Amino acid sequence: MTRKIFVLNGPNLNLLGTREPEIYGSKTLESISSECRALGVKKGLDLEFRQSNHEGDLVDWIQEAIGVADGIVINAGAYTHTSVAIHDALRSFDGYKIELHISNPHLREPFRHVSYVSSAVDSIVAGLGVDAYELLVDILADALDGQARKN
Amino acid sequence: MTRKIFVLNGPNLNLLGTREPEIYGSKTLESISSECRALGVKKGLDLEFRQSNHEGDLVDWIQEAIGVADGIVINAGAYTHTSVAIHDALRSFDGYKIELHISNPHLREPFRHVSYVSSAVDSIVAGLGVDAYELLVDILADALDGQARKN
Amino acid sequence: MTRKIFVLNGPNLNLLGTREPEIYGSKTLESISSECRALGVKKGLDLEFRQSNHEGDLVDWIQEAIGVADGIVINAGAYTHTSVAIHDALRSFDGYKIELHISNPHLREPFRHVSYVSSAVDSIVAGLGVDAYELLVDILADALDGQARKN
Amino acid sequence: MTRKIFVLNGPNLNLLGTREPEIYGSKTLESISSECRALGVKKGLDLEFRQSNHEGDLVDWIQEAIGVADGIVINAGAYTHTSVAIHDALRSFDGYKIELHISNPHLREPFRHVSYVSSAVDSIVAGLGVDAYELLVDILADALDGQARKN
Amino acid sequence: MTRKIFVLNGPNLNLLGTREPEIYGSKTLESISSECRALGVKKGLDLEFRQSNHEGDLVDWIQEAIGVADGIVINAGAYTHTSVAIHDALRSFDGYKIELHISNPHLREPFRHVSYVSSAVDSIVAGLGVDAYELLVDILADALDGQARKN
Amino acid sequence: MTRKIFVLNGPNLNLLGTREPEIYGSKTLESISSECRALGVKKGLDLEFRQSNHEGDLVDWIQEAIGVADGIVINAGAYTHTSVAIHDALRSFDGYKIELHISNPHLREPFRHVSYVSSAVDSIVAGLGVDAYELLVDILADALDGQARKN
Amino acid sequence: MTRKIFVLNGPNLNLLGTREPEIYGSKTLESISSECRALGVKKGLDLEFRQSNHEGDLVDWIQEAIGVADGIVINAGAYTHTSVAIHDALRSFDGYKIELHISNPHLREPFRHVSYVSSAVDSIVAGLGVDAYELLVDILADALDGQARKN
Amino acid sequence: MTRKIFVLNGPNLNLLGTREPEIYGSKTLESISSECRALGVKKGLDLEFRQSNHEGDLVDWIQEAIGVADGIVINAGAYTHTSVAIHDALRSFDGYKIELHISNPHLREPFRHVSYVSSAVDSIVAGLGVDAYELLVDILADALDGQARKN
Amino acid sequence: MTRKIFVLNGPNLNLLGTREPEIYGSKTLESISSECRALGVKKGLDLEFRQSNHEGDLVDWIQEAIGVADGIVINAGAYTHTSVAIHDALRSFDGYKIELHISNPHLREPFRHVSYVSSAVDSIVAGLGVDAYELLVDILADALDGQARKN
Amino acid sequence: MTRKIFVLNGPNLNLLGTREPEIYGSKTLESISSECRALGVKKGLDLEFRQSNHEGDLVDWIQEAIGVADGIVINAGAYTHTSVAIHDALRSFDGYKIELHISNPHLREPFRHVSYVSSAVDSIVAGLGVDAYELLVDILADALDGQARKN
Amino acid sequence: MTRKIFVLNGPNLNLLGTREPEIYGSKTLESISSECRALGVKKGLDLEFRQSNHEGDLVDWIQEAIGVADGIVINAGAYTHTSVAIHDALRSFDGYKIELHISNPHLREPFRHVSYVSSAVDSIVAGLGVDAYELLVDILADALDGQARKN
Amino acid sequence: MTRKIFVLNGPNLNLLGTREPEIYGSKTLESISSECRALGVKKGLDLEFRQSNHEGDLVDWIQEAIGVADGIVINAGAYTHTSVAIHDALRSFDGYKIELHISNPHLREPFRHVSYVSSAVDSIVAGLGVDAYELLVDILADALDGQARKN
């Protein structure tokens, strides 16, 4: 059985690969998406990559995942620190949820140390770079399996 | 070449597997250690598992890792939220550093939302359960490779 | 004379009736809208029900109400606690304004105890459940009459 | 069956109708009480209106309501913002509880934005003026019916 | 014309003269009251001295002063720092209002540096000792005259 | 010589034994009072039990204890967290003073973690249940003896 | 060479000229835009005026400016005080950036004293009224020249 | 014996009588000084009036008073809220010290509710208008007499 | 059946009896231990007294108590205010737990008013002096009996 | 008619041109003054440039401007963040007031994000470099004209 | 080569030796200055002692030191806790800078625990009494030598 | 007579000389210890150098110093900011106590601006580099002599 996973990306993540490549690397979100989806196929995961600068789009997509997806990976970008709406939407989704940050937000400004996403997800992965998207395929496969084992 | 990794565990983590198994599972730290070290061998990682309830031991061990280890995985337990000493020791270690939490601390009391470890490490992994120890073998192998690629 | 009333609903309120029915009941926003509009007709109120997960839509609709509507009922959902934009739009609307919450936000997390909407409306109704939508038809009729009496 | 409702009013509400009539209207608490009790009879509610400037009286009366009344409407006035004692008493009362404010406290000083009553009641109604007392007859009738339906 | 002045004293001020005489002197509130009333007669002021340990009594008495008294002197004691109810009652009284403290509260604990009375009165006199009661007869006579001159 | 002890109980403690018996037990304050007074007689303590929902009553009674009683046990209930007036009265009483809480307030809401009573008493006993009233007979006898030994 | 400048306006600024003209004047954003563009032509600036009530639109447009525009003038309205997403987008834009406020936000509510935009721009202009839009043509011409001189 | 009193006035008090006469009256500091000195002569007080906009002048003058003056009246104006230097100088002066404010600072902005002067003086008089300068002649005469009586 | 009780003492408590005897008395921890153990024997309690200046020792000993002891008395000294590790260990121990302080920490510096121990124990006893150790034998015997009665 | 403008500069601005020229440029305050006064002549503005390291001088000069000048430009330097005295003086000046900062204070330490000047002026200009002095000639001419147009 | 050192003393330090000699000793600032200058001569340091109660004087003098002095010793007294202007001036001085306090400010009021000087100097010496002035001759000689060795 | 001095060093100070030599120099703690002890011999001081990463060791050693040593120099490293236990131990030691920091903590993160050590020592020396250890031999000799002179 193929599991459906939404990989939702928030504001400014569409600039990946074109801005500050010494920090974020030169991979674009599109190439990350391609590589991950290919890896997902091998692991039995159907990955749906999306990006928007609109908070409301992220809320819409999380709601769309209800009843459709087994898990959500969310890199909410700047909305991580300000969005109660995304927090609420995530809490309405019963599947497995992972919060992803490319860099480690605790090395940046104090207003990035607060996350409304963290208290609405199962797991948090931060600071592993853009490779984290590839790594999460393994993690999710295992996590969903673990969840399955528990049930 | 085999890489040396220290996996340091803080206070009360020696109780793993014996307390609240419905949350933390029934694996002990010893069995986790065994499985991870076995997996590490396959990945070219020599994992050194240690646990102590003493803040000073964790500082001692991080210092011991300097010049010896390529990376540190640290689950500082309760010292995560109070120890500037561990923060300072970690900043003296130049290798790859990952902060690990079995559960998601943002679902617990407010005093667990603050981490002195987060601002001294490269990456953070939380809420993936005891399986996270096994997962980090993959993560570390990839991360150290990524670091290698950058250099 | 029929009075026009906008009933604006914020993020995640489109999930009403399908999530946690033991708390929020099993009525959908659509059925609430139908019942209220029917009741409104009897009371001389033309109710315009809308919902969006986008903060900007709520701002757009409040502006649309200027010069068109006699009153606004707003359940801003999560934006209640974070949106200065909605606060400003409401202050530009001169008609009668009521803030509505289905549950009592003071029984939930501390970040839900702060409201940017409360200081921009005339009245606040919270914790009366989904029946509050039906009740507000009476309240608004009376409130607008009271306002009329004052002028 | 007639339901018993306590309508408890805190400090300075006995001045209603005599102070700042342009804001609070010219109705006294006595005339409000009369009109509401009359309306209550039609709705099957026996309303008990009381007012005191003493925090302890309000606590006494809430306790008196235990086992006697089906609901409490409380306009705790200034004690809203300072009284843990009233909070505790309300939590000991199992019936339906509504917090009432004539004006919208969020348009006033910051110390009026905090309420110890809000986290001990089912519902909150604010800013509807002195007419709110009349409106709550409808609200309570419906609310108690709603509660009945749930049980 | 004789002016009526209420001199209201809050909790623990009935202990004056019997506790810590080295700080507060050995005059009782009764003897202060006698001396002040005698002095008041000469200045055309009819002084009404009262003391209570009950917050509600102070609110009752301030309300009683409405329409009856030209001024209020209030030493609210500990309620100075906690009572919004007294603040509200004072704001309903249109006459001249002075806050009085025997000692200087800024030389004591931080929780005594906050006053809900100060923002509801015209004037504040603190740290002048028990003689302040006698001094206020002069002050009030002048202040009421000044107010008269302004009108 | 028989020592006089005031045991003063604040708001809502008159509900003991009738509310949430699984937490507070089924003993009423009256039966606790009877048992303690009987035990007190054996220990040479004359215990005076009182309860009120009025802050002012507690202040009145503490003042009444001056010169009459050797010690005060005070369970100020909700006033623990808000009453400077009780704090001041207790500081005027020179005898031995114990603060008593049936449950442990640190396991409840944050506003119960602050106590104005704690900084005005000699000792604090919390979380020992209703049996604490019986235990304090021993404690007080010993404490007063200890105080005697010091003098 | 003509320089491209984006002039981005946030929520509720489309109401300019129609609301509170005694404060904001009677010019609409359209007439301001026309006048500024005309003046810009003389100064060698091609001004692109846009307005949206949607936070995401502002982020989209700032990204659109990358590589296209030499400067951004942003009046983010209410999003000034809440949007980390706009902050991040601005930091990705390397050209000259000015924050503009028609009125002086420090004369308004405290929540308007905080700006996430200020720490992402080069310059701030506030309180110069709607004429500020015309003035910025001069300022930008000079500023871009100054920047040119530095390089 | 004539007692020497320094009456020190801080920044902007030289504008008295020329700015906002409806609030502060039309008396200048010079005319207040003349009237007070005349009154002082009758009461055996030699009043030295000074004003400066410089914090350092106020510190200099307080030091000058040491060993020369029996008392200081200080209206430190804006330095009330910011000057630790004046606080320290006042604490070095052993005579009687009164803090004077023409208006009641608690009716103004929050930053005027904090006073570094209050914790360095014996007494505080606020909100009595410009007449307070005349009144303090009486107060000081009495206060110094009271101090004398104590010694 | 003899019950096992651990009496754990934190940093600097080994100095008891030798420092500030006018406050803490002249009994050493050893003599207190001897007297308590003797009394414990009579009450059926086997008391294990330990002291360490090391936070980790206290964590080790609490863990050692799991499965071995029926109760823990802990005077964590300075670690009371800083140790999350001790908090966590205590929460892993299911037996009866009492927090003990010789003096009343609320009469000392503000940083001693916060306790990480209080929210992890059943009961708190403070300010009863060194005699508290003897008193707790009674308390524990009763408390464990009470617990037994509940089960 | 020539308008008089005071351009007041606070502490350390006399170092302009000699310190950190890469940030602040190499123009001295004297050369800026010369250029601006020359430009002012053309625009009908008589600019009075002053600088002092003394808070009191700035207060003196603002008072001197009353009745003499049409506008004040103030770069209060470090006193921006600490001076209530300058705030008060500015509020006594009825002409047009602009706050000027050469660099953007929001890019510096948090204590520079607070301004007592901002809430006492009409307009704020920051981060435009030393050229801002020249630009303000245009701005002031326009602003004073705008003000004239309003009157 | 003789090195020039400015020793700058802030408000109230001119009272040294005459106030509270049991704490500060009986040496005046003049005698300290004489002794230090004599010692300085031996160490190759030309010490310039100054004192003022004016914040602006201290700023003036620090600026005067630029290009003239090799080091500054500053005891800013009360301005330590409030002066951003002194902070800024010190940061413009490139030589060696030491902050000096005669007593230990952490044993005094909380507002003395904050220092704007500390973050603008190289070194801090506090609580060594008036002898610190003599000691700093040694320290400075060594420190300047150390600095020399580094360059 | 030789005086005994404990020089206690906290966590990570054993890394001195091997980490960031450009900041901390290349001297190890051992070589510093040797040089200081040699210098101490000349000054009549017997210096006992110790280092540990364990908070409890520092507490143990401070206690060991009681009755044995005349003074303590403590560089508590990271425990400076978190250890109440070390604070308490230091307060139990009656000899002369100096807090030492190699770098100036006010130039680092905010959590290093708080010190529990500062309020338990006589003197503080910070930012003088590793040479501070040598300098303190002079300081201590003088300080102890000064103390001797006072007694």
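By written order: A, B, C, D, E, F, G, H, I, J, K and L. Residues from 1 in each chain.
By definition in this document, contacts are C-beta pairs under 8 Å (C-beta built on N, C-alpha and C of every residue); 3 or more make two chains touch, one makes a residue touch a chain.
Since the structure is predicted, the reported quantities are computational estimates derived from the model, not experimental observations.
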Steps needed, at minimum, to go from chain E to chain L via contacts: 3
Copies chain K and chain J - interface residue numbers shared by over half, same or different: different
Between chain G and chain E, distance of the C-alpha-averaged centres to the nearest whole Å: 55
Whole-Å separation of chain centres (CA-atom averages), chain C against chain K: 64
For chain G paired with chain J, centre-to-centre distance based on mean C-alpha positions, whole Å: 23
Where chain G touches two or more other chains, by residue: 54-57, 82
Pairs of chains satisfying the touch condition: A-B, A-C, A-G, B-I, B-L, C-D, C-G, D-E, D-F, E-F, E-H, F-I, G-J, H-J, H-K, I-L, J-K, K-L
In the complex with chain G, residue positions of chain C that touch it: 54-57, 59-60, 63, 66, 82-85, 87-89, 92, 116
Chain L-touching residues of chain K, taken from the complex the two chains share: 104, 106-107, 115, 118-119, 121-129, 131, 134-135, 138-139, 142-143, 146
Complex interface listing, chain F residues touching chain D: 10-12, 14-15, 19, 52-57, 77-79, 81-82, 111-112
